[in-house]
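Chain IDs A, B, C and D follow the sequence of writing; residue 1 opens each chain.
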Amino acid sequence: MIRVIVSRDAIDIADEFTQLEQGGAVATFTGLVRADDGVATLELEHYPGATEAALTRLAEEARARWSLTAATIVHRVGPMAPGERIVFVGTCSAHRAAALEACAFLIDRLKTDAPFWKRETVDGASRWVEARATDDHAAARWS
Amino acid sequence: MIRVIVSRDAIDIADEFTQLEQGGAVATFTGLVRADDGVATLELEHYPGATEAALTRLAEEARARWSLTAATIVHRVGPMAPGERIVFVGTCSAHRAAALEACAFLIDRLKTDAPFWKRETVDGASRWVEARATDDHAAARWS
Amino acid sequence: MKLLYFAWVRERIGLAEEDVTPPATVATVADLVAWLAPRSPGHAAAFTDPARLRAAVDQAFVPLETPIAGVREVAIFPPVTGG
Amino acid sequence: MKLLYFAWVRERIGLAEEDVTPPATVATVADLVAWLAPRSPGHAAAFTDPARLRAAVDQAFVPLETPIAGVREVAIFPPVTGG
(Lines give C-alpha, C1' and ligand atoms only; values in the text may rest on other atoms or scores of the structure.)
Protein backbone atom coordinates (compact mmCIF):
# COMPACT_ATOMS: atom_id res chain seq x y z
CA MET A 1 0.00 0.00 0.00
CA ILE A 2 1.28 3.43 -0.97
CA ARG A 3 0.30 6.26 1.37
CA VAL A 4 1.26 9.86 0.56
CA ILE A 5 0.01 12.70 2.74
CA VAL A 6 0.84 16.42 2.52
CA SER A 7 -0.93 18.19 5.33
CA ARG A 8 -0.85 20.97 7.90
CA ASP A 9 -1.82 18.47 10.62
CA ALA A 10 0.57 16.96 13.18
CA ILE A 11 1.95 13.51 12.30
CA ASP A 12 0.39 10.70 14.37
CA ILE A 13 3.13 8.06 14.71
CA ALA A 14 0.95 5.31 16.20
CA ASP A 15 -1.55 5.69 13.37
CA GLU A 16 1.19 5.65 10.72
CA PHE A 17 2.64 2.43 12.17
CA THR A 18 -0.77 0.77 12.12
CA GLN A 19 -1.05 1.54 8.41
CA LEU A 20 2.52 0.45 7.65
CA GLU A 21 2.64 -2.89 9.42
CA GLN A 22 1.93 -5.15 6.44
CA GLY A 23 4.86 -7.58 6.81
CA GLY A 24 7.76 -8.66 8.98
CA ALA A 25 10.04 -5.63 8.83
CA VAL A 26 9.22 -1.93 9.21
CA ALA A 27 11.79 0.87 8.86
CA THR A 28 11.00 4.53 9.45
CA PHE A 29 12.65 7.90 9.35
CA THR A 30 11.24 10.97 11.10
CA GLY A 31 12.57 14.50 10.72
CA LEU A 32 11.97 16.98 13.53
CA VAL A 33 12.19 20.75 13.60
CA ARG A 34 15.53 21.48 15.25
CA ALA A 35 15.27 23.05 18.65
CA ASP A 36 18.98 23.56 19.24
CA ASP A 37 20.04 26.51 17.11
CA GLY A 38 17.63 29.21 18.07
CA VAL A 39 14.93 28.44 15.50
CA ALA A 40 11.64 29.80 16.87
CA THR A 41 9.39 28.68 14.03
CA LEU A 42 9.71 26.85 10.74
CA GLU A 43 7.32 27.35 7.84
CA LEU A 44 7.05 24.89 4.97
CA GLU A 45 5.86 26.03 1.54
CA HIS A 46 5.14 23.53 -1.23
CA TYR A 47 3.87 23.21 -4.81
CA PRO A 48 0.37 21.76 -4.44
CA GLY A 49 -0.33 18.94 -6.86
CA ALA A 50 3.28 18.60 -7.98
CA THR A 51 4.30 17.68 -4.42
CA GLU A 52 1.86 14.80 -4.10
CA ALA A 53 2.78 13.57 -7.59
CA ALA A 54 6.52 13.66 -6.79
CA LEU A 55 6.09 11.82 -3.48
CA THR A 56 3.84 9.20 -5.07
CA ARG A 57 6.41 8.60 -7.83
CA LEU A 58 9.15 8.17 -5.22
CA ALA A 59 7.07 5.76 -3.14
CA GLU A 60 6.15 3.72 -6.23
CA GLU A 61 9.80 3.57 -7.29
CA ALA A 62 10.84 2.30 -3.85
CA ARG A 63 8.02 -0.23 -3.74
CA ALA A 64 9.05 -1.71 -7.09
CA ARG A 65 12.80 -1.66 -6.40
CA TRP A 66 12.66 -3.28 -2.94
CA SER A 67 9.41 -5.31 -3.23
CA LEU A 68 7.80 -3.39 -0.41
CA THR A 69 4.43 -4.35 1.02
CA ALA A 70 3.86 -0.77 2.17
CA ALA A 71 5.46 2.65 1.74
CA THR A 72 4.35 5.83 3.50
CA ILE A 73 5.46 9.43 3.08
CA VAL A 74 3.85 12.09 5.27
CA HIS A 75 5.11 15.66 4.96
CA ARG A 76 3.84 18.62 6.90
CA VAL A 77 3.39 22.07 5.42
CA GLY A 78 2.64 25.40 7.07
CA PRO A 79 4.02 26.70 10.38
CA MET A 80 5.72 24.37 12.88
CA ALA A 81 7.39 24.72 16.29
CA PRO A 82 10.77 23.24 17.38
CA GLY A 83 10.53 19.53 18.17
CA GLU A 84 7.52 18.95 15.90
CA ARG A 85 7.69 16.27 13.21
CA ILE A 86 8.17 17.67 9.69
CA VAL A 87 8.39 14.44 7.75
CA PHE A 88 7.74 10.75 8.31
CA VAL A 89 8.89 8.06 5.89
CA GLY A 90 8.07 4.40 6.46
CA THR A 91 8.62 1.17 4.55
CA CYS A 92 7.47 -2.38 5.14
CA SER A 93 8.90 -5.52 3.61
CA ALA A 94 9.29 -9.21 4.38
CA HIS A 95 13.04 -8.57 4.80
CA ARG A 96 14.79 -6.08 7.04
CA ALA A 97 17.54 -5.07 4.57
CA ALA A 98 14.92 -4.13 1.97
CA ALA A 99 12.92 -2.07 4.46
CA LEU A 100 16.03 -0.27 5.77
CA GLU A 101 17.48 0.52 2.34
CA ALA A 102 14.17 1.67 0.90
CA CYS A 103 13.62 3.97 3.88
CA ALA A 104 17.07 5.59 3.42
CA PHE A 105 16.38 5.92 -0.32
CA LEU A 106 13.05 7.67 0.26
CA ILE A 107 14.34 10.28 2.69
CA ASP A 108 17.47 10.99 0.64
CA ARG A 109 15.51 11.44 -2.58
CA LEU A 110 12.69 13.35 -0.91
CA LYS A 111 15.25 15.98 0.14
CA THR A 112 16.14 16.71 -3.49
CA ASP A 113 13.12 15.62 -5.58
CA ALA A 114 10.08 17.06 -3.83
CA PRO A 115 9.05 20.73 -4.07
CA PHE A 116 9.21 21.93 -0.46
CA TRP A 117 10.86 25.09 0.82
CA LYS A 118 11.69 25.83 4.45
CA ARG A 119 11.59 29.26 6.01
CA GLU A 120 13.06 29.70 9.50
CA THR A 121 12.61 32.42 12.06
CA VAL A 122 15.77 32.80 14.15
CA ASP A 123 16.15 35.60 16.70
CA GLY A 124 13.16 37.39 15.20
CA ALA A 125 14.61 37.32 11.66
CA SER A 126 12.97 35.19 8.99
CA ARG A 127 15.01 33.59 6.20
CA TRP A 128 14.68 30.89 3.53
CA VAL A 129 16.81 27.82 4.28
CA GLU A 130 19.56 27.24 1.70
CA ALA A 131 19.78 23.87 -0.06
CA ARG A 132 22.80 21.78 0.93
CA ALA A 133 25.15 20.06 -1.51
CA THR A 134 25.31 17.04 0.83
CA ASP A 135 21.65 16.38 0.06
CA ASP A 136 22.45 16.11 -3.65
CA HIS A 137 25.25 13.67 -2.87
CA ALA A 138 23.03 11.55 -0.64
CA ALA A 139 20.34 11.40 -3.31
CA ALA A 140 22.82 10.67 -6.12
CA ARG A 141 24.06 7.45 -4.53
CA TRP A 142 20.75 5.74 -5.34
CA SER A 143 20.85 6.30 -9.10
CA MET B 1 19.89 8.60 26.35
CA ILE B 2 20.26 4.84 26.20
CA ARG B 3 17.05 2.86 26.73
CA VAL B 4 17.12 -0.96 26.82
CA ILE B 5 13.96 -2.91 27.67
CA VAL B 6 13.45 -6.68 27.68
CA SER B 7 9.83 -7.36 28.57
CA ARG B 8 6.78 -9.54 28.05
CA ASP B 9 4.68 -6.42 27.45
CA ALA B 10 3.53 -5.16 24.05
CA ILE B 11 5.70 -2.43 22.48
CA ASP B 12 4.09 1.04 22.59
CA ILE B 13 5.36 2.86 19.50
CA ALA B 14 4.05 6.31 20.42
CA ASP B 15 5.73 6.11 23.82
CA GLU B 16 9.02 4.91 22.31
CA PHE B 17 9.02 7.83 19.86
CA THR B 18 8.43 10.31 22.66
CA GLN B 19 11.50 8.96 24.45
CA LEU B 20 13.62 8.91 21.29
CA GLU B 21 12.94 12.36 19.91
CA GLN B 22 16.05 14.13 21.24
CA GLY B 23 17.30 15.70 18.00
CA GLY B 24 16.58 16.36 14.35
CA ALA B 25 16.60 12.84 12.89
CA VAL B 26 14.99 9.64 14.18
CA ALA B 27 15.37 6.24 12.48
CA THR B 28 13.60 3.10 13.65
CA PHE B 29 13.31 -0.56 12.81
CA THR B 30 10.45 -2.74 14.00
CA GLY B 31 10.27 -6.52 13.60
CA LEU B 32 6.85 -8.16 13.55
CA VAL B 33 5.85 -11.79 14.02
CA ARG B 34 5.24 -13.08 10.50
CA ALA B 35 1.65 -13.88 9.76
CA ASP B 36 2.16 -15.22 6.26
CA ASP B 37 3.67 -18.69 6.64
CA GLY B 38 1.28 -20.43 8.98
CA VAL B 39 2.94 -19.43 12.25
CA ALA B 40 0.27 -19.57 14.96
CA THR B 41 2.43 -18.45 17.88
CA LEU B 42 6.00 -17.41 18.48
CA GLU B 43 7.74 -17.76 21.83
CA LEU B 44 10.92 -15.91 22.71
CA GLU B 45 13.35 -17.29 25.29
CA HIS B 46 16.31 -15.25 26.51
CA TYR B 47 19.24 -15.26 28.93
CA PRO B 48 18.20 -12.89 31.72
CA GLY B 49 20.92 -10.50 32.75
CA ALA B 50 23.17 -11.34 29.82
CA THR B 51 20.51 -10.08 27.39
CA GLU B 52 20.22 -6.65 28.96
CA ALA B 53 24.03 -6.38 29.19
CA ALA B 54 24.47 -7.34 25.51
CA LEU B 55 21.82 -4.86 24.33
CA THR B 56 23.25 -2.07 26.47
CA ARG B 57 26.75 -2.71 25.04
CA LEU B 58 25.35 -2.54 21.51
CA ALA B 59 23.45 0.67 22.19
CA GLU B 60 26.52 2.27 23.80
CA GLU B 61 28.69 1.23 20.86
CA ALA B 62 26.22 2.78 18.40
CA ARG B 63 25.91 5.96 20.44
CA ALA B 64 29.68 6.46 20.50
CA ARG B 65 30.24 5.52 16.84
CA TRP B 66 27.50 7.74 15.37
CA SER B 67 27.27 10.49 18.04
CA LEU B 68 23.66 9.62 18.79
CA THR B 69 21.56 11.70 21.13
CA ALA B 70 19.37 8.67 21.91
CA ALA B 71 19.34 4.94 21.24
CA THR B 72 16.54 2.56 22.17
CA ILE B 73 16.31 -1.23 21.98
CA VAL B 74 13.08 -2.89 23.12
CA HIS B 75 12.80 -6.66 22.75
CA ARG B 76 9.82 -8.75 23.72
CA VAL B 77 10.11 -12.17 25.32
CA GLY B 78 7.47 -14.83 26.01
CA PRO B 79 4.57 -15.79 23.74
CA MET B 80 3.45 -13.62 20.85
CA ALA B 81 0.82 -13.74 18.11
CA PRO B 82 1.30 -13.07 14.36
CA GLY B 83 1.49 -9.36 13.59
CA GLU B 84 2.74 -8.41 17.06
CA ARG B 85 5.97 -6.42 17.44
CA ILE B 86 8.95 -8.51 18.57
CA VAL B 87 11.64 -5.88 18.50
CA PHE B 88 11.92 -2.12 18.19
CA VAL B 89 15.21 -0.34 17.56
CA GLY B 90 15.42 3.45 17.42
CA THR B 91 18.18 6.00 17.02
CA CYS B 92 18.24 9.78 17.20
CA SER B 93 20.94 12.09 15.90
CA ALA B 94 21.38 15.60 14.58
CA HIS B 95 22.01 14.08 11.14
CA ARG B 96 19.87 11.66 9.16
CA ALA B 97 22.72 9.52 7.78
CA ALA B 98 23.99 8.83 11.32
CA ALA B 99 20.52 7.89 12.58
CA LEU B 100 19.85 5.60 9.60
CA GLU B 101 23.22 3.83 9.71
CA ALA B 102 23.16 3.36 13.47
CA CYS B 103 19.66 1.89 13.27
CA ALA B 104 20.73 -0.65 10.62
CA PHE B 105 23.82 -1.48 12.70
CA LEU B 106 21.76 -2.12 15.83
CA ILE B 107 19.25 -4.48 14.24
CA ASP B 108 21.95 -6.38 12.29
CA ARG B 109 24.13 -6.86 15.36
CA LEU B 110 21.20 -7.60 17.65
CA LYS B 111 20.36 -10.59 15.43
CA THR B 112 23.73 -12.19 16.12
CA ASP B 113 24.95 -10.73 19.42
CA ALA B 114 21.99 -10.95 21.81
CA PRO B 115 20.89 -14.18 23.51
CA PHE B 116 17.35 -14.68 22.22
CA TRP B 117 15.87 -17.89 20.82
CA LYS B 118 12.64 -18.13 18.84
CA ARG B 119 10.27 -21.06 18.98
CA GLU B 120 7.46 -21.21 16.43
CA THR B 121 4.26 -23.21 16.39
CA VAL B 122 3.28 -24.02 12.80
CA ASP B 123 0.32 -26.31 11.99
CA GLY B 124 0.27 -27.48 15.61
CA ALA B 125 3.95 -28.45 15.63
CA SER B 126 6.44 -26.49 17.73
CA ARG B 127 10.05 -26.04 16.61
CA TRP B 128 13.08 -23.88 17.41
CA VAL B 129 13.90 -21.42 14.63
CA GLU B 130 17.29 -22.09 13.00
CA ALA B 131 19.86 -19.30 12.83
CA ARG B 132 20.50 -17.95 9.34
CA ALA B 133 23.92 -17.41 7.78
CA THR B 134 22.66 -14.16 6.22
CA ASP B 135 22.35 -12.70 9.72
CA ASP B 136 26.05 -13.34 10.33
CA HIS B 137 26.91 -11.66 7.04
CA ALA B 138 24.73 -8.63 7.83
CA ALA B 139 26.35 -8.25 11.26
CA ALA B 140 29.89 -8.75 9.92
CA ARG B 141 29.71 -5.75 7.59
CA TRP B 142 29.84 -3.40 10.60
CA SER B 143 33.14 -4.65 12.01
CA MET C 1 1.12 30.01 -20.23
CA LYS C 2 0.65 29.91 -16.48
CA LEU C 3 3.67 30.77 -14.33
CA LEU C 4 4.00 29.77 -10.68
CA TYR C 5 6.58 31.19 -8.26
CA PHE C 6 7.62 29.73 -4.90
CA ALA C 7 9.63 30.70 -1.81
CA TRP C 8 11.89 33.74 -2.29
CA VAL C 9 11.17 33.86 -6.02
CA ARG C 10 7.50 34.42 -5.16
CA GLU C 11 8.37 36.96 -2.46
CA ARG C 12 10.72 39.04 -4.62
CA ILE C 13 8.28 39.14 -7.53
CA GLY C 14 5.36 39.80 -5.20
CA LEU C 15 3.16 37.33 -7.09
CA ALA C 16 2.40 33.64 -6.59
CA GLU C 17 1.34 33.23 -10.22
CA GLU C 18 0.74 35.09 -13.45
CA ASP C 19 -0.30 34.38 -17.03
CA VAL C 20 2.08 35.35 -19.83
CA THR C 21 2.33 34.87 -23.58
CA PRO C 22 6.01 34.89 -24.48
CA PRO C 23 7.05 35.35 -28.15
CA ALA C 24 8.20 32.33 -30.16
CA THR C 25 11.85 33.38 -29.71
CA VAL C 26 11.51 32.40 -26.04
CA ALA C 27 12.30 28.71 -26.55
CA THR C 28 13.46 27.38 -23.16
CA VAL C 29 12.88 27.96 -19.45
CA ALA C 30 16.18 29.88 -19.38
CA ASP C 31 14.92 32.10 -22.21
CA LEU C 32 11.71 32.63 -20.28
CA VAL C 33 13.61 33.73 -17.17
CA ALA C 34 15.65 36.23 -19.23
CA TRP C 35 12.49 37.51 -20.92
CA LEU C 36 10.66 37.90 -17.57
CA ALA C 37 13.48 39.73 -15.74
CA PRO C 38 12.75 43.23 -17.12
CA ARG C 39 9.00 43.07 -16.28
CA SER C 40 9.44 44.68 -12.85
CA PRO C 41 12.10 45.43 -10.22
CA GLY C 42 10.78 42.35 -8.36
CA HIS C 43 11.24 40.11 -11.39
CA ALA C 44 14.73 41.53 -11.88
CA ALA C 45 15.60 40.83 -8.24
CA ALA C 46 14.24 37.27 -8.42
CA PHE C 47 15.99 36.43 -11.68
CA THR C 48 19.39 38.10 -11.10
CA ASP C 49 21.22 34.78 -10.79
CA PRO C 50 19.69 31.99 -12.89
CA ALA C 51 22.17 29.49 -11.35
CA ARG C 52 20.11 29.74 -8.13
CA LEU C 53 16.86 28.89 -9.90
CA ARG C 54 15.14 25.57 -10.53
CA ALA C 55 12.07 24.85 -12.63
CA ALA C 56 9.21 22.48 -13.28
CA VAL C 57 7.36 22.23 -16.57
CA ASP C 58 3.83 20.86 -16.30
CA GLN C 59 4.74 19.77 -12.74
CA ALA C 60 7.89 17.78 -13.68
CA PHE C 61 11.31 18.99 -12.50
CA VAL C 62 13.43 19.96 -15.51
CA PRO C 63 16.75 21.67 -16.33
CA LEU C 64 16.49 25.33 -17.33
CA GLU C 65 17.48 24.38 -20.89
CA THR C 66 14.17 22.55 -21.36
CA PRO C 67 11.98 23.74 -24.29
CA ILE C 68 8.64 25.26 -23.34
CA ALA C 69 6.76 25.09 -26.64
CA GLY C 70 3.23 23.88 -25.97
CA VAL C 71 3.51 23.67 -22.18
CA ARG C 72 0.68 24.91 -19.95
CA GLU C 73 2.43 25.53 -16.62
CA VAL C 74 5.96 26.60 -15.72
CA ALA C 75 7.06 26.89 -12.09
CA ILE C 76 10.22 28.79 -11.10
CA PHE C 77 11.68 28.44 -7.61
CA PRO C 78 14.88 28.08 -5.54
CA PRO C 79 16.49 24.66 -4.89
CA VAL C 80 14.16 22.59 -2.71
CA THR C 81 14.76 22.19 1.05
CA GLY C 82 12.18 19.71 2.30
CA GLY C 83 12.45 16.64 4.47
CA MET D 1 30.53 -23.80 38.52
CA LYS D 2 26.99 -22.88 37.50
CA LEU D 3 25.79 -24.11 34.11
CA LEU D 4 22.85 -22.57 32.24
CA TYR D 5 21.10 -24.15 29.26
CA PHE D 6 18.78 -22.43 26.79
CA ALA D 7 16.36 -23.32 23.98
CA TRP D 8 16.68 -26.90 22.66
CA VAL D 9 19.81 -27.53 24.75
CA ARG D 10 17.71 -26.91 27.86
CA GLU D 11 14.85 -29.02 26.52
CA ARG D 12 16.99 -32.02 25.60
CA ILE D 13 18.83 -32.00 28.92
CA GLY D 14 15.62 -31.39 30.84
CA LEU D 15 17.27 -28.82 33.08
CA ALA D 16 17.57 -25.02 32.89
CA GLU D 17 20.64 -25.05 35.13
CA GLU D 18 22.87 -27.25 37.27
CA ASP D 19 25.98 -26.92 39.42
CA VAL D 20 29.02 -28.98 38.48
CA THR D 21 32.65 -29.30 39.61
CA PRO D 22 34.65 -30.49 36.60
CA PRO D 23 38.16 -31.89 37.11
CA ALA D 24 41.18 -29.74 36.26
CA THR D 25 41.65 -31.63 32.97
CA VAL D 26 38.49 -29.90 31.71
CA ALA D 27 40.20 -26.75 30.50
CA THR D 28 37.85 -25.18 27.92
CA VAL D 29 34.14 -24.87 27.16
CA ALA D 30 34.62 -27.57 24.50
CA ASP D 31 36.20 -29.87 27.13
CA LEU D 32 33.27 -29.15 29.42
CA VAL D 33 30.76 -30.12 26.72
CA ALA D 34 32.60 -33.43 26.11
CA TRP D 35 32.78 -34.06 29.85
CA LEU D 36 29.05 -33.33 30.32
CA ALA D 37 27.80 -35.48 27.40
CA PRO D 38 27.86 -38.85 29.26
CA ARG D 39 25.94 -37.54 32.30
CA SER D 40 22.52 -38.53 30.91
CA PRO D 41 20.81 -39.47 27.64
CA GLY D 42 19.53 -35.87 27.58
CA HIS D 43 23.03 -34.43 27.88
CA ALA D 44 24.22 -36.81 25.16
CA ALA D 45 21.37 -35.71 22.87
CA ALA D 46 22.05 -32.02 23.51
CA PHE D 47 25.81 -32.29 22.97
CA THR D 48 25.93 -34.68 19.97
CA ASP D 49 27.12 -31.99 17.57
CA PRO D 50 29.30 -29.31 19.24
CA ALA D 51 29.37 -27.35 15.95
CA ARG D 52 25.73 -26.44 16.65
CA LEU D 53 26.51 -25.07 20.11
CA ARG D 54 27.42 -21.60 21.30
CA ALA D 55 28.53 -20.47 24.74
CA ALA D 56 28.83 -17.57 27.14
CA VAL D 57 31.31 -17.43 30.03
CA ASP D 58 30.30 -15.15 32.88
CA GLN D 59 27.65 -13.72 30.50
CA ALA D 60 30.06 -12.85 27.65
CA PHE D 61 29.75 -14.68 24.31
CA VAL D 62 32.91 -16.73 23.68
CA PRO D 63 34.25 -19.40 21.30
CA LEU D 64 34.09 -23.00 22.59
CA GLU D 65 37.91 -23.02 22.86
CA THR D 66 37.76 -20.48 25.69
CA PRO D 67 39.38 -21.55 29.01
CA ILE D 68 37.04 -21.92 31.97
CA ALA D 69 39.49 -21.87 34.89
CA GLY D 70 38.05 -19.64 37.62
CA VAL D 71 34.77 -18.80 35.88
CA ARG D 72 31.52 -18.79 37.84
CA GLU D 73 28.88 -19.24 35.13
CA VAL D 74 28.91 -21.04 31.76
CA ALA D 75 25.89 -20.93 29.47
CA ILE D 76 25.49 -23.40 26.58
CA PHE D 77 22.88 -22.84 23.87
CA PRO D 78 22.13 -22.96 20.13
CA PRO D 79 22.97 -20.06 17.78
CA VAL D 80 20.80 -17.08 18.69
CA THR D 81 17.70 -16.17 16.65
CA GLY D 82 16.38 -12.90 18.09
CA GLY D 83 15.35 -9.67 16.46
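Keep this in mind: a contact is a pair of C-beta atoms (placed from the backbone, for glycine too) under 8 Å apart; a residue touches a chain by one contact, two chains touch by 3 or more.
Computed from a predicted structure; not experimentally measured.
K.L.:
Using mean Cα positions as chain centres, tell me which chain lies farthest from chain A.
P.N.:
In terms of C-alpha centroids, the chain at the greatest distance from chain A is D.
K.L.:
Averaged over CA atoms, how far is the centre of chain C from the centre of chain D? Could you give it in whole Å?
P.N.:
73
K.L.:
CA centre of chain A versus CA centre of chain C: separation in Å?
P.N.:
The answer is 26 Å.
K.L.:
Check each residue of chain B and list the ones that touch at least two other chains.
P.N.:
Counting only residues that touch two or more other chains, chain B contributes 31, 107.
K.L.:
Multi-chain contacts only, two chains or more: what residues does chain C have there?
P.N.:
Residues of chain C touching two or more partner chains: there are none.
K.L.:
Name the touching chain pairs, would you?
P.N.:
A-B, A-C, B-D
K.L.:
Can you tell me which positions in chain C touch chain A when the two form their complex?
P.N.:
Residues 4, 6-8, 56, 59, 61, 75, 77-83 of chain C touch chain A in their complex.
K.L.:
Can you check the complex and tell me which residues of chain B touch chain A?
P.N.:
Chain B reaches chain A through residues 13-14, 17, 21, 23-34, 36, 83, 94, 96-97, 99-100, 103-104, 107, 138.
K.L.:
Of all residues in chain B, which touch chain D in the complex?
P.N.:
Listed in rising order, the residues are 31, 44-47, 49-50, 53-54, 75, 86-87, 107, 110-119, 128-131, 135.
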